[in-house]
């Protein structure tokens, strides 16, 4: 097996008496969709925050593409190839969908300390942005302002922003959140397509989607990984079943 | 630099600080509970001073002037809150700045219209115009001592009110978490209107008491307002205890700084520099303290909010 | 209002501004040339604040300090042109070609230094800490007894431009100010549409997401704040020239408040918000002070009405800029 793209060892984060992350180990490999599942309160949100860089761990290391990024600021990790989407949609509401993506493309396309030339005239940026919109299924919706987009379309745009920077690894934080069945199916297709471009760390509650999409699944309980393996292995794992799969999956 | 000089300046600082507290107490609760920047707070101070001067001039009694000023300004405050300020609570801070800034203009000019351009005299009561011997060679203004006493008395009263009454509990709840207080059934809007009125009355008290010392004039509100903001930032927005500690701190640093820093600097720097920078350094140091608190401990020394 | 209509209106305004002194002289209204001068200078100052506030969301309550630093730079350099030198080394000058860029540079550097600290805070704390630093600068200028202190400092005459331009002539000065204001607006228009402009608007809209897509947000805020400070410095240089006088009053917090009022009344997020706000506020002041000495009352009342009735400022009444 090749060296992991993301290597987390002994990660720990405590809030008062609560151990949100408890000596956690995790690997993510290139070309893989690695799902993180676990009951509410298992510490998934805190883990994602530490991986993204918005929360600083108390102990442990996070290695990404061979570099220690444990204390690296958020934007540095992004520049180095780590993207993320947000569980609660976080977009640029007054801008159009295309302008949203152009911003994300612009962030990785050289310095933005350019004051003279109009950004809209940079055909390279615009084309790249349009391509990303295609990939997430928002092809003709570029000129629509975010606040005029439906919830499903906004979730698609969420993923687009994470993708636009051409990351090596994407943290998808509950991309299915709030989506009905037809939109969920669309999102599953999008995630499959993303996999050809980048490795994915998928945090999700939608068990059907998780078992259909994932190459690996890690089960998080009380801040620790209690089971990790292929979907079949996890399905059969007693600890995983006891901790989580005993609950009925989302319809 | 004699001991009696230091004590005198310290007392001046305490006196100024306690008056600052009167202003800051109302301001911190307005800010803490309703998250509202009220620049017009200084105007209430000015109105109080003018009313006190006018009534005292007419009746010949300083204390009647003070009492009337406090009562009238409290009512003006309530009226102001109920009409002009309420729509601003849900607006962003800058809109509040704009609106209350405009109110300062209206208030300044309104006072000029009603009371004229001349600065009205406000004299302390005759009985207090002398000095009291506090030590072997320290004579201190009797009036200032009374101001300190009044200020300390109000502070004690507020402490009792805020910490030992049910109303005080509501106030602390509202300042800590308005949404939760509302959810618990506390009538925050009505409580707030009353608080605002009390705050206005306290401003008037400060204006009236400081009037004989600082002169009653249009625009007197602006300079003390900014210091009041410094106080609540340092003390912690929403905290009356913080306002007291912050106010005394600022009052003493400002007063003693102005008095002693030029001399202290002369010991180190050449005369010209010390003369130039000395007096300003006291003021600069207060704002430097404010900046330091905002940078390292933005919630203030005694944070009220969870 | 469509973009085309807006452009026509802007061109019309510039043409009117160009023709104004000629018309004013014709009808013996020369006094108003000085008034419009003052409006344009404050329009420039307010526009510089709008860059930070309207486009990047940085609510600076100390912007007048940067204007003041620029003004003092010009005045101090002029003072030393006559005698002595700055810090004993730097000779003075009355040349606009040196003093005005120096004003911009000094203000820009001061803004960068202050910004390095202030921009680490947010929201109400940012508003307060910028106020604190502005007050420190105010008291610093009060302490400068060698440069007048509280009484202020006179300039012997306006800056020298050469090329046949005599700033002592109000009309010459008018056209110089107009040219600088138009240049500033044009450059800002380009800046807003540039990569940098998009970045700072993004920061205003959603700072967290900007970090999450890879922007070093602090750096961009800092550069924006410094540029706004430098632009304010130029306005300060012009102000010093206009009055042939500087005083600490220019840095007082009420002046910063007035600049904020101008931007908010004119409409932040609009390129012309600063111009509209300065014209409105100073225009109201001029109109009402001709009528009564108590002009602050109706002006304050109108401002209040604007807060309640036009929450997005005057520009907001005309519809949104495409580059919001």
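First chain written, first letter: the chains are A, B and C, and each begins at residue 1.
Throughout what follows, contacts are C-beta pairs under 8 Å (C-beta built on N, C-alpha and C of every residue); 3 or more make two chains touch, one makes a residue touch a chain.
Since the model is a prediction, treat every value here as computed from it, not as a measurement.
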Inter-chain pair with the most contacting C-beta pairs: B-C
Which chain has its C-alpha centre closest to the mean of all protein C-alpha atoms shown? C
If you average the CA atoms of subunit A and of subunit B, how many Å lie between those two points? 52
Distance between subunit A and subunit C based on Cα centroids, please, to the nearest Å. 44
For subunit B and subunit C, what's the span in angstrom between their mean Cα positions? 32
Using the touch definition from the top, which residues of subunit B touch two or more other chains? none
List of subunit C residues in touch with subunit B within their complex: 53, 59, 61, 117, 120-121, 123-125, 127-129, 131-133, 135-136, 139-140, 142-146, 149, 253-254, 257-258, 260-261, 264-265, 294-297, 299-301, 303-304, 307-308, 311
Complex contact set, residues of subunit B against subunit C: 37, 39, 84, 87-88, 91, 93-95, 97-99, 101-106, 108-110, 112-113, 222, 226, 229-230, 233, 272, 275-281, 283-284, 287-288, 290-291, 294-295, 298
Which residues, counting only subunit C, touch subunit A once they are in their complex? 190-191, 193-199, 201-202, 205-206, 208-217, 220, 223, 324
Which residues of subunit A touch subunit C in the complex? 52, 54, 73-76, 78-79, 83-84, 86, 90-95, 99, 102-104, 106-108, 111-120, 122, 161, 164-165
